[in-house]
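Several structures are given next for inspection.
After this come two complexes, each holding chain A, first together with chain B and then together with chain C.
Coming up: the complex of A and B.
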């Protein structure tokens, strides 16, 4: 009798453990790491760990969250988008030159600028989907073309200044909170709805897992392979618009610091670089983890080289901690217990 | 077997190419009677690099050079290897002169030497090379680091917590500036460097890095910055309504802020100094004077004077050029990242703000001769010379005096 109860409770446990999705575990784990890091940072500098540091992290991380969303969708379908820096620059340059340079009323040019970015993403997708160019070559080529076009058109010095809308987005307060924080909360919610709770998002997961099977199952595979590149390009363009509002102007290298972090945020967030797995909330956690790390590392009074080594090491440890095998082991331990 | 034959054929081709190259005559002017001048940039895409290139383009399109100079621009990226091969091609192509922003102070030396032997003039601007057959035109020896650091110390009364916003890690220019600055800061025990970060001479990176540093040290008293300084002001504004004394380079945004009473009210004081893009124009004009036989000058290190504009001296221009002592263009004329020291009424009277932004010449302008005197730069070992010694006067203050004692 007692033996039988034990068996029963054991199977019960297994089912419960299996019901918790791997993505949920990694998202929660990242959130915990973020909070712990924020708390520990007090020991490095007493001013850290305060609400003002959280504000700084949320504002500085907002750009990365936006680009990482697009990058995440592309990676979900098994691709990779290397054109993000160029598109950030394009978005920034278009918003300063078209609207900021004395056309404050031409607000309609802002969506047009985003559509232009989306069109570049569409071209990348055409190369990847129809011409079968490997995604990283295709997006790299688009990146070079777009960056060179921006250089040629601006002659190196982007004119104009930040459009009023960009300044309002980045520099005002809503309900006592800095507006970019409110924006990023809304953006994360919408992104989560799209990726995790819409049929569209499910199609992307399906394609990333097995494109051929999805096609047979009736998923519009071609359209769904194009979609992430367009969204990623538009997200990058929008991040450029945000950056313009944040720093009151565009520069041609404004996007350069976001390529690798955008990929890193997605991977640290628990997504598979091969596609088909991952969650947007994990990516958001990854983006903020990288940003928190940045603020803490800059407060450590060590030489630059050493600081970068520490930063790399912590990222590596975080990745190892979040590996799938570890979750499986936790599950098996729980099963045994 | 086939592989072996291919290899043989390839090496034969290499030898043939080398032989042709060696026998190509070094000609003074190309077939159509024009001087063939190359403008070799390492990278482009920031305001500084573009303005420096635009000034050269504008000068080459100004009479009489517009009829006698063929200017070819080559951008080779941040990799020294790419610039080496670009130089090689220019030498092969029969260049008369190469005006260049060199990406490395030593990696290009061997190629430059070869070019010199073929009669090519090399003029480096801003960054320098240690090869002695090249002319270096640079402000690097003019003491930006130590002078700006002393100005900041003076503003702070000799004590306070400061940030160092540096340039590109591992870059000799950044190192020279920082060494000069630390030479001063180290003399004042009351000065505490609480954060030091690399901002890549970029406004936006400076803003983000400064924001991070402010999270840990909201009570900072002053900022010593290299280019990108306008980003530091914006980070301070984002964090609260308090500005602090700071020194930085020559962006229009920074100069306009220094002159703005509202910003001064919030605590902004300081001085604008640093790297002038106008060096490229000076280098180009000097080279053309040598090529056209108007001047005789052996290869040397030439010092471009350090721009030095304290807040009280900032004056906003109304026209297209720096007249009546004005030294910054208003916000509706140039972007905040525009580097103000691109014009020089004395050395480059031919060009204006449109030349700097677009590379266009000023209508009706003609090239004016440079002053007779060419100032020699001090030795900076590993930066503009090899096997040389720095002068005893290194880090001597030239623009400012210490008003507070350690």
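Coming up: the complex of A and C.
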């Protein structure tokens, strides 16, 4: 009798259990890869694998976590955001030129700068949702436009210094921890709440799986399609603000190194590029995995080209390890057992 | 009853006049009619600004500028029709470029060897991509991102800073004009377009569209999806190799990051040609024209005296407008085909 109820409840829950398992398994797998990589890096250089390296990774990875959150939301609805580098630059340039150090008006200028970034994201969304331009092309075009406008307005050389708030965010300590680490923990928690535990997040998953079905089910599809682009643009702008606080100046190419990693973090984290599938914690893992790789590889005394080859190979191996088929196989083995 | 079937059959054989015209219109649209019209309109504007624009010399110069992007976009079209993305284009072009700059082979024989080398490089990277995507089932954007990074590393290992020199024979002859009129680089693109027009009628070409439109249905109707997908990436790689070859002939020097600017532009060219990025539709010729339009646009903006800081604003706007416009026209074409 007890056996029978067990089987019954099992069959009833298999679909739900399978879905949870897939994303949890991939997140845990990435976390394990991260820890193993950190541990193994001890053998490469004695300076690695220590707590201070963990701190470095968390600080350097915080920028990627922030932009990958936005990218992840856009990818979740089946889109793609290529305007991230331009918006990081815009955020950085607005922080230094429009706000600058020691400006008493920073309390309203900084939110205004973020809103300006959000407006650019809104324009991208208008193109995607109403003009039916493919997201890839729309955000790429916006990226070209914003980058060129930033170039023209600054005449090639952004001036000014980091706002005090940015420096405070990136360079102080809270409870003995570097403040960016505290910030990133808070950001990850809020992002997780929004994407995984709020109705809003559920809507995004629904749209990414089937927009038409969600419309019939009463999801405000149009608003939910606009929302991720605005958030992604604001995240990118905020990452620009953080970068300015970290390096105390803006450059016109400061965002270029974040486009492909932002996509890679999301995809390595187990999301489908076609939308409707994935988890924010997986993305966070992907972002830190890429950052750990970066720090380890730059510590190896190899020439740049070889380091790049190793980085690409490890990304490939991670992708192969985190393949969907592999999960299915593990799942079927467990089911048999 | 029989009467009815007969009428039905007759109407199938001989569609009404208006419908036929509509279908022809729709077919022309898919073949890239809009982008051809846009290109010539832009050229007319360019000619109005610069009367020298129609001289054989400036046509050849424009053609030489266009060819690497056109070939890269042509390769990208293959992958996009099969519903995929290929980022490795940037890596392959860089590797071919540095190989040609570090190991220059002079003379016509050397040119043949170089072109074979580039095709081999592109084809083997394409084969790796194809294996990863078709057989190991990785997402195309992720797999090709990894191969792109690896290729960029290889390019940096071969040549760690811009430099080197491409064989003189190549850089002179391939940018020259045949009989002082026909740009030689254009002949390469012509050959690729002709090969495509043949290929799209073969069973490979038809399968390519089929797996892009609906992979499951394609496999149910007996198409070997894995094999077709594999060779899609190989063909694309070969075209990137050619693009790297032509880029080297044009710049005459090596640069380990020479392919990077072509990455996003190749997607822009494909989209400008009206190929939907969601697969199953599109034409290689239209992408080539899209690439030509992008390069021409730069010239027109430059000759209209737009500050070079702001060219990007115009390029971005033109890209959005062109894509919106071609979407509208396509919808009109579909409606005409249904009438």
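Methods note: the second predicted complex is superposed on the first by the 313 of 337 C-alpha atoms of A that agree within 3 Å, B and C clash if a C-alpha of one lies under 4 Å from a C-alpha of the other, contacts with A are read in each partner's own complex, and residues count from 1 in each chain.
Rule of thumb we're sticking to: a contact is a pair of C-beta atoms (placed from the backbone, for glycine too) under 8 Å apart; a residue touches a chain by one contact, two chains touch by 3 or more.
None of the values given here were measured: they were computed from a predicted structure.
By the touch criterion defined above, A:311 reaches chain C but does not reach chain B.
Look at A:220: by the touch rule set out above, it reaches neither chain B nor chain C.
Contact with chain C, but none with chain B, is seen for A:136 once the two complexes are overlaid on the shared chain. By the document's definition of touching, both partners, chain B and chain C, reach A:155. Once the two complexes are overlaid on the shared chain, A:52 sits against chain B while remaining clear of chain C.
Applying the stated touch rule to the two superposed structures, the overlap between the chain B and chain C interfaces on chain A comprises residues 147, 151, 155-156, 304-305.
Of all residues in chain C, only 87, 132, 136-139, 141-143, 145-158, 160, 256, 264, 267-268, 271, 276-278, 307, 309-313, 315-317, 319-320, 323-324, 327 touch chain A in the complex they form.
The touching residues of chain A, when paired with chain C in their complex, are 82, 127, 131-134, 136-138, 140-145, 147-149, 151-152, 155-156, 260, 263-264, 267-268, 272-273, 303-313, 315-316, 319-320, 323-325. Chain A contributes residues 44-45, 47-48, 52-53, 56-57, 59-60, 96, 102, 147, 151, 155-161, 171, 243, 246-254, 257, 294-295, 298-299, 301, 304-305 to its touches with chain B in the complex.
Against chain A, the residues of chain B that register as touching in their complex are 44-47, 49-51, 53-54, 169, 194-198, 200, 202-205, 207-209, 211-219, 231, 234, 238-239, 253, 331-332, 334-338, 357-359.
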